[in-house]
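Two complexes, one shared chain (chain A), two partners (chain B, chain C).
Let's turn to the complex of A and B:
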């Protein structure tokens, strides 16, 4: 009798133990300049979240193990290299490694190139970080999603914060990298500021080469121009070099300086970032994350595991997994408990709303494929040897994202009216 | 002032490149690796020095020691271990070999230091600031200018006023005849490669306090250094100085008055120089062809 019971117990456990895993391709920078600020924090986040989900340790409604009971398995891929390489590697992930879905991509160029290939291969692909709004403004996709907001939100939010923090602002200047990200960020910020302050004087727009590293001349030009506000979307070593070179020269003291991705540097360069610098985190992430149960779970677990603060790329990666998990399980329920197809998961993710460590995520634009969120900005203050942000202002999603069907540039030029 | 600082930084980095080409006829892409290795070693050693609570003012000496360590350990390894077997090959082949070494060293750097950035901000702010035209500049920038002057003048003095330098000039002009006259050309090649690499490592180490030391640091500098030495004339020390000044001043003027063309202007100047002086402004006669 005892043997029969043991055999029954083993048999009962079999399906769970051998449940077909969900193989997820995770693509992010593991080498090159984008690895330290974005790639590695995002990879760590993916590994942490997968471990938590597989153990059923995430808070409800994410507490079911894996995706609907199926354990998760990650296939990591380095995003470094040319766009052509990334397209080839994407095909390899789908056609040779047979992944079930893909979560990844920091570079906007890579996202723009991958989206049509994902559609062609009919493979569910969720972009977790890249910023360009063009992906869903210039094309429609069935299998492609982005669970993080676009760069438009960063620039509009930055301009609104500047106007709130410095109501009498009369002049601005920019220091941005000379490629799509820098030019688009500055273009959106400048256009939004011109709507907010019609008589705005644009003193100078500095566009040094990506990874130039030496900014003494640009800093001198900005000091000479004496603008009320300086906008920079610098990231990685460029951001850090700018802070190291501009701080001792008093640039942040002279002009209100807004660093839209500054959060990635705040934990590494805390004491070098002068008080009163405006930092962005590309959404309500990091120091701007809400005090909800998901953030307590994510932030606490991440810090305990890696002895390091998660930055916004980490938050965006966690959010990408949670969004797909919610959709997967909704689709599985609708499918009578059976494993859902990519089409069924895509249909469930389209237009959905879910909660994450950054707060509420609404897949409400780009025909339900593009997320919007609230955003937040604040100014730095060194307290007890630790850099904190104060004067935090939050802007609701509808105020900093264009409505469905309206292109970002047109929406800004039209006065960025809410829906 | 911006032009002076930028020119000094460029000159220190480009000087070793032009020296190695002048003596060994190697277009040395690993020069960028030595710059990066100098920066990493400088950041690591100085960071450890400051963390241990030693006098911050001596951190400048630590930067110097870091660069010397990089040069005397890595440069002979590359020259004796790989390059000396390649001297008989075509210049283009050696260029490709140094490019391969550059890629390998990039990965070695990642293996040793990882991908996270290193900072040593203290030496940059330690010396205070000075003002020029109402704009504040950290005094540390004067160390970069001094480093460039000492490197340039010192190398000129070494070449033209010492016995070793004169023998080296003989090697530059004709290695075969020099060898026939009893000069140990291989020893001079080793010394030149080590000294040229030291200049790159020095530029990297003394740049470390002003930047975030991250992977890929050597790529940017090698492109700019090539622009400088091509403008000045490959192998010419005064040419490197003039090239650095031209690039530094043109770029700074552009940043202040026409920032939109900042990227374009350096390479436009290079193209103009090459259009009228295809071998650069200070190109020397080719003694070997006489």
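Let's turn to the complex of A and C:
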């Protein structure tokens, strides 16, 4: 009898719960080379955050269940495949699956392609990881947001840290993949260094092709160039290959090496990364995350659930959910407690400020659609068999991000004026 | 009549389906070109070269001249691909078999390499295409998908008819002869090299139009359009479809797109596996391509009227 009652109660509750749930399309790499370092950690983070939010277990002000009481439901989509495929599947998510909003995209190319489509379909879309500043510098959107900082911050922060860690720096060299991410990262870093050190000598810029795997020729070139500093925006497989090949040849001992996305490799390759290497995490994430209650909740819960450290992509995903949740609930309150429309959520998210496991996020550039945050860099030190970071320096958001209305490239070339 | 059916049928499609059908048209045009090449025994592993050239020609029109008219974009795509193929054809028309295939692959990868190194065109990130316009007007958001679909249908049907007629000209009939015995073709007094050159340019023009159409539909282009995996996709559609008729590539492309999107939808973690399995089954049971089903049926009807 009790079983029947329970079944009845469940049956009665289900349609109601289903009717008002918030369907969120989550798009990230589930296959291909970007899956292991970014896609899967981000997917795990999304599933963890949704589970926590649906149970009302996140710290205040995120303690309300789901989004304003409505439970969340994830529709997962693989980001692998051509941009044509991604645009097709984005349209399917919106028009066939009828999702309420979309959080996703690691690849900058995909973000650039998706943004105008999101605008055409009037669907709230929050990019969680992609880096190119072009999205909000070349166009303006009403429905598109990015709650993570742009890649400009990583390069400017890297240059500032190098200047602080090695005050007499005279020469630099680069090792970056020959595609948009590598070219932009090096371009911004080189330009920033030239402003900071006008007499700078750029020894060499090595641009091997993406996923080349073998870097012995580039390492030889860097060894013989003997620069004070080496900059690399390599990630995952390429980064690991470079660390394993450069380590025995003493490259990272000869020059101060800055790996701007090195954090994704630090847990796997901890013992191979020599002490004194500068590691970046694309913002105040992972080892650079502040010791706030959100980070305690996120980091602790993530490690307990997956027995693995969350990396910066995990942090960015969690932050993307929290930002939209805050805006959704603000819009719902303004709407008299009724479920807000995409337009109302967009209006609430625009220009908002919220707290997350990475600290304060300000949606202050790109007409209120692009986030800025502080950033942090530090050097590695093996302590008790675990790789840690020391000499951590933090740079406030305004020092590493261009002001509203100024393009990143112009801001750097202009000597960071109008701060 | 087919056109009227297509245009009215299109009106009842949901927007996401309109998009898929339009992309299928774009890819089918490339496959149609590959089909003509295949009739002459030539497999191009680098047809993405012209697909990408067409797309970048359409994109450049918008970026540098501010023109986004669908038909002008497709013309530009056709022109860019045609001129490039005419020049490269002098080299490629000499080669057959694996040499032709690999040389065409190499050429498309050269374009890929050049685009990746070009930071003003956005490197691997590519760039966005202006929203499509039609004869100087810009259709509203509710109609833009249909406008692009209708333009795609008109152009595709027109080109399919032209190719259909071409296959029945002496030059068109030379292609299977070249495949069977090139020396005899030369003894007959025809120039195989000239015929291959013409076929190569026609196939490239079709791919260029397809590329421009894909560009204006998707709204974004990037160098991956010239990557060898893109060429592979076109070859796959061609083999899936079969070479029986000019309609085959269109049916093949549509079925390929439907299987693709269903696999993404149903199994986000293992879509490659489902896609591969579905396509493998078709190839195993229909080695002559999907069109063999249609030809089998029509011969059966012919035998038992």
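Note that in this section the second predicted complex is superposed on the first by the 398 of 419 C-alpha atoms of A that agree within 3 Å, B and C clash if a C-alpha of one lies under 4 Å from a C-alpha of the other, contacts with A are read in each partner's own complex, and residues count from 1 in each chain.
Methods note: a residue touches a chain if its C-beta (ideal position, glycine included) is under 8 Å from a C-beta of that chain, and two chains touch if they have at least 3 such contacts.
Source: prediction; values computed, not measured.
Taken together in the superposed arrangement on chain A, chain B and chain C fit without clashing. Of note, the Cα-centre angle with chain A at its vertex and chain B and chain C at its ends comes out at 50 degrees, rounded to the nearest 10.
With both structures placed on the common chain, the touch criterion links A:218 to chain B but leaves chain C unconnected. Contact with chain B, but none with chain C, is seen for A:204 once the two complexes are overlaid on the shared chain.
In the superposition on chain A, A:244 contacts chain B only, with no contact to chain C.
Touch criterion met: A:36 reaches chain B, while chain C stays clear of it.
In the superposition on chain A, contact is made by A:178 with both chain B and chain C. Shared-chain residue A:392: touches no atom of chain B or chain C.
Once the two complexes are laid over each other on the shared chain, residue contacts for A:196 go to neither chain B nor chain C.
In the superposition on chain A, A:406 makes contact with neither chain B nor chain C. Figure legend note: chain B and chain C, brought together by superposition on chain A, show a least Cα distance of 7 Å. Shared contact residues of chain A with chain B and chain C: 30-31, 178, 209. Listed in rising order, the residues of chain A touching chain B in the complex are 30-33, 35-36, 39-40, 178, 204-209, 211-214, 216-218, 220-221, 223-224, 236-237, 239-241, 244-245, 247-250, 268-269, 272. Contacts from chain C toward chain A in the complex involve residues 14-16, 19-20, 23, 116-117, 119, 122-128, 131, 141, 144, 214, 218-222, 224-225, 230, 257, 260-261, 264-265, 268-269, 271-272.
Here chain A touches chain C in the complex through residues 30-31, 76-78, 81-85, 87-89, 91-92, 94-97, 108-109, 112-113, 115-117, 120-122, 132, 134, 138-139, 178-181, 183, 187, 209-210, going by the rule given at the top. Every residue of chain B that touches chain A in the complex is listed here, in rising order: 1-3, 5-6, 9, 110, 115-117, 119, 121, 124-125, 129, 135-138, 141, 207, 209-217, 219-220, 251-252, 255-256, 259-260, 262-263.
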